[in-house]
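Both of the next two complexes hold chain A, though its partner changes from chain B to chain C.
Then we have the complex of A and B:
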């Protein structure tokens, strides 16, 4: 709780620093604040639920997710030092908006009341609508912002409709009460069922699950790369955590189960198949993120609620999956920015050509991170997918799991296509300029992915 | 009390009819204000002070002012009578008629419903809502301030006119310039 307050105040402090034009202070102050927040989360996780009005709970799950999100944000801020080096305007606002969005993420991972879910989603999203349009002179950025805003508002309306229906069915916003009502009626109450359906739709939009994925490629492509990184990592973590909190309490009645199976199958299929044809790297990463949310949904599908004594394993898998995915994605987007500058702003997959010849270490890092996204053994991505499939087997979803394995194999193809570009030697050598800080962050991401792949117990 | 109800009901119905029938959009909007204010009066009669105030502030204050702005900016105060195709008119009559039927059915069912036992008529009073906001719902109430703060900062960021010195720099000075 004190960490939440700290981050909110930190955002205001950054806004003030922007007012006094202390641009070089922004990232260091933000990082110090985030480190403080991590410390506060680590020490204050067993705060009494009742003290917070029964609205949020800081248990192991939310503490893990909150620390993970804060750590990824620190990496992104380190990246921002170089990314915003030549940008003069509105840098402070962008850092502050990211922090405000992070507050929403913290709420999503720890809510126990649907009101907090709604406010959390809004606090997460509204800064993102602005951040997506941060490059005001660029049409694509404007398009991304507008599209995200309109579609996001619609999805929020769905979510709100679902929450209203759940309130109508259970007479309370409290998750525990709603879970009890669902268990009593055994999924036969139409009001609750419709409420579940609409709420899951709203949450699935935030995760970018098919058929709610249409915003993702355009927004990822149009938004500034740093913001895209933030969306692909922290926001996905927050959305996953929020989804888990909700699913965990419903106990998965049969109607919801059918919806979830359809979501999983559609997301895995569309995400992986369309990714095969992408030539723009940012769009490729968008479809890759859709595909990964399919695997996350598969893990969520196996959650039959706390009553089955099962939820903890799912929560742990989700944390491990999203955190390692975020590490790899952050590093790859930094490499993408480096390559994009070397190729004068081109965004196609071929801009990685010559990386091996110019910067062998960075090329190896890229290899590790791509392999992790693809799920090759010895990387964290493999362990993550393996855990998801184990959960699916344990819950008896053998056919769905088989489909997931097939799609994971398909996914290896498009990652390897980009990896091939990294090792292609171009006609004339390309000069990649790498800021020292970026080099450090990329190395941290790549080494982190490998270390977590070998010792998965560390998360 | 009952006479007050009939008075306000008559005002709102007449104002609603004027909204539809008025030739000039300005008159229409003014009638809409009257309609909203009389509905707010109904809320007060129902003991829902908070709802009445929010209604006045949001609808009569914000939304109507927006309507007026749009009308004035688009210079719509001259009478514009558009000829709609027959199919649209038929469809709108059908839609309106169906909606009327639904309302009629709902009212017929609803009029006879007794007030459920244990219903507290004072639930809409301002001090009750204030107590709930500052005890049970304190955390969401406080957190929504972060929401408004970020919306404000974001709106400032997007709406502020940037000086020209940034625009005249060569494109390579942009941190990552889109080629498309």
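Then we have the complex of A and C:
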């Protein structure tokens, strides 16, 4: 709880710093606050405590996710130091909005009550609508913001509808009560089934699962890169955690299971296949993120609620998967920004050309991170995918997993296409200017995915 | 400890090359590293006790049964010897036929060697998989940077093709690991103790086989191979055909025969049929090629088909013959691709059209080539003769008709090889000014020729390695219910 308050107050403090035009203080103060939050979470490790009358429970799962999200936010703030170097106005607001959004993420990873789920999602999303439009003069940024807002409102409406139906069926907002009720009725209650369906659609929208994925490419492309990074990492982590909590406590009746299988298959297929044809790097990352959501959903599919017992393994897999995915994505978006500047604002995949010739170390970092996303051994991405494999095969989803394997192969293809560009030597040498802090963050991300790939026990 | 050193020496040597980037001594350093590993492997051979030796065993991720276990038995040792013997020659190819920045090329080759040693030493299925995939990364860059025409498209195709097999393998490993009793283990010893029900073995066989069939390659999973071999720089082709293809045969023995023996027995007729058909098909295509390197690529595929067919005959001749032949084939491929490279350097291309009549200009080279051709068509006294003789015995025991297919292959092999020799060396003299084999080329080819003649005369040196393991394998198979 104290961490939640700390981050909320921190956001306000940053706003005041902005008011007094202390721009250079923003990132350091934010990072110190986030470190404080991590410390507070860490002291609460292994102590389950419930708040607000049991509507929020901080247990090991949520603490792990919260620390992960805060850590990734720190990396993004470090990146922000350079990213916002040339901007003078409204920088404080952006930092503050990200922190507010993070608070929503914390709630999503720890709710046990549908009201908290709703509040969490709104607190997470509303700052994002603003952030996506942070480049006020850019058409694309405005488009992103508008699209995200409209579609996000729709999904919120779905979610509310679902919550209302669940309440109508079970007579409570509490997930455990709803779970018991579903178990008793054996999933035969139409009201509950519709409720589950709509709630899951709302959650799937946040994860970008097909067919609720249409916002992702446009928003990723239009939003400022730093905001895109935040969305691709912290928001995905929060949405995954929220999804997991819902499934883990209410359980998975057969009707929901069938829906989930369709969701998994469609997400894996669409995400991977459309990614093949992307030439814009940000759109590529958007579709790749959809594809990764597919694998995350596959892991979720194997969770049959706390009663079935192996929910912890799923939770651990999700945390490991999203955290390592976020590390690689953060590093790659930073490299993308560096390359974009070197190529005067171009965003196609070819802007990575010449990186090996100019900055060999960064090229190796890019290689490590791409291979991690693709799931090649000795990187964290391999471990993450293998955990999903084990879960899915252990739960008997052999055919779905077989399909997942084929899709993983497609995934390797589009990452390797970009890797290939990194090692191409262009006709004229390209000058990449790299701020020292960015260099450090990229190295941390790359070394992180390698270290976690060799010692997966660390997460 | 020495097993870990076997993986670490090339790895560290490669890293050193990458960091220091010596301009002149890069090849020398790489050569020293490969000779060191060769000495180490010889020492292992000397101290081998005839059974299974486990050098290192550490837990890595206990939850999934991943353990860092390195060890070797007779078959593994044979593969280690093959890798260790051939790599000095592969590195040595760079002296006469350089491709690019020597420190980078040699570093990649050494990384490849490290991963290959890992593959042949791993005693845990997941660890095997990790090394199996890691061999691809250096070769990917080798092809991408110094390949020939259309290198970018072909490299990606090759990479995806082999990864498809790799992912199928990973899927199977995950599945079988979960079948082991509660603290799951992916050690080969634990997996071999599994008795999977027949209906599982029937499909699991194919998901496992796919990985190895693509690696070798076996018809109809071969379409990446001719293009990749032709386009790759000579050293890359040598690694691919002489050593990496062997991972497929090794994997079949390690996985298919141990984990899904009944499935393998059930499908053996199909596999032999596919392999032999592929072998004949490749031999016919080889004859029709106008490109020297592509012809050798198809001949390699033809040999792989024969070896794979013999492996599935389930008798001592077939299996030991294949294992012996893996060695012979490795030596042969290094020789042939070296010759292709040497001729291409002189005539400016791999096309047969630009060759012919070279014998009068380079008689000594022609003589060396003739020896290699003799080995390729399995003349008596050469190493291939022993291997193929055993293989035909194996095929004969399995079924007389398959042996007939083998005989057809002998004839076809002789036809395309001699035809190639004729088109390169004989015929009207092209008045191009080419130099005869120099000292470096002699230093490369003569030791290999001596090696394959020696092993043709004394095949027991190698056969003794695989005797025990093959008997053991057959015993476990014949005691199947």
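Criterion: the second predicted complex is superposed on the first by the 452 of 459 C-alpha atoms of A that agree within 3 Å, B and C clash if a C-alpha of one lies under 4 Å from a C-alpha of the other, contacts with A are read in each partner's own complex, and residues count from 1 in each chain.
We adopt the following convention: contacts are C-beta pairs under 8 Å (C-beta built on N, C-alpha and C of every residue); 3 or more make two chains touch, one makes a residue touch a chain.
This structure is a prediction, so every number in the text was calculated from the model and none was measured.
Peer 1: Of chain B and chain C, which one touches more of chain A's residues?
Peer 2: Here the partner covering more residues of chain A is B.
Peer 1: Should A:181 be classified as contacting the first partner (chain B), the second (chain C), both, or neither?
Peer 2: Neither: A:181 stays clear of chain B and chain C.
Peer 1: For A:456, select first, second, both or neither according to whether it touches chain B, chain C, the two together, or no partner.
Peer 2: A:456 sits against chain C, while chain B stays out of touch.
Peer 1: After superposition on the shared chain, which partner residues are touched by A:386: those of chain B (first), chain C (second), both, or neither?
Peer 2: second
Peer 1: Quick check for you: in the superposed arrangement, does A:134 touch first (chain B), second (chain C), both or neither?
Peer 2: first
Peer 1: For A:377, decide between first (touching chain B), second (touching chain C), both and neither.
Peer 2: second
Peer 1: Considering only the touch criterion stated at the top, classify A:122 as touching first (chain B), second (chain C), both, or neither.
Peer 2: A:122 contacts chain B only, not chain C.
Peer 1: So in the superposed three-chain picture, is A:8 touching just chain B, just chain C, both, or none of them (first/second/both/neither)?
Peer 2: The answer is first: A:8 touches chain B but not chain C.
Peer 1: In the overlay, answer first, second, both or neither for which of chain B and chain C A:401 touches.
Peer 2: second
Peer 1: Where on chain A is chain C touching in the complex?
Peer 2: Touch residues, chain A against chain C: 371, 376-378, 382-383, 386-387, 389-390, 393-394, 398, 401-402, 405-406, 408-409, 412-413, 416-417, 420, 423, 456-457.
Peer 1: Within their complex, state which residues of chain B touch chain A.
Peer 2: 135-140, 143-144, 146-147, 149-151, 153-158, 160, 162, 166-167, 171-180
Peer 1: Within the complex, which stretch of chain C touches chain A?
Peer 2: Residues of chain C touching chain A: 61, 64, 129-130, 133-134, 137, 140-141, 144-145, 152, 155-156, 159-160, 163-164, 167-168, 170-171, 174-175, 177-178.
Peer 1: What part of chain A is in contact with chain B in the complex they form?
Peer 2: For this pair, the touching residues of chain A are 4, 8, 11-12, 15, 52-53, 55-56, 83-90, 93-94, 96-97, 100-101, 103-104, 107, 113, 115-116, 119-120, 122-123, 126-127, 129-131, 133-138, 140-141, 145, 224-225, 337, 340-341, 344-347.
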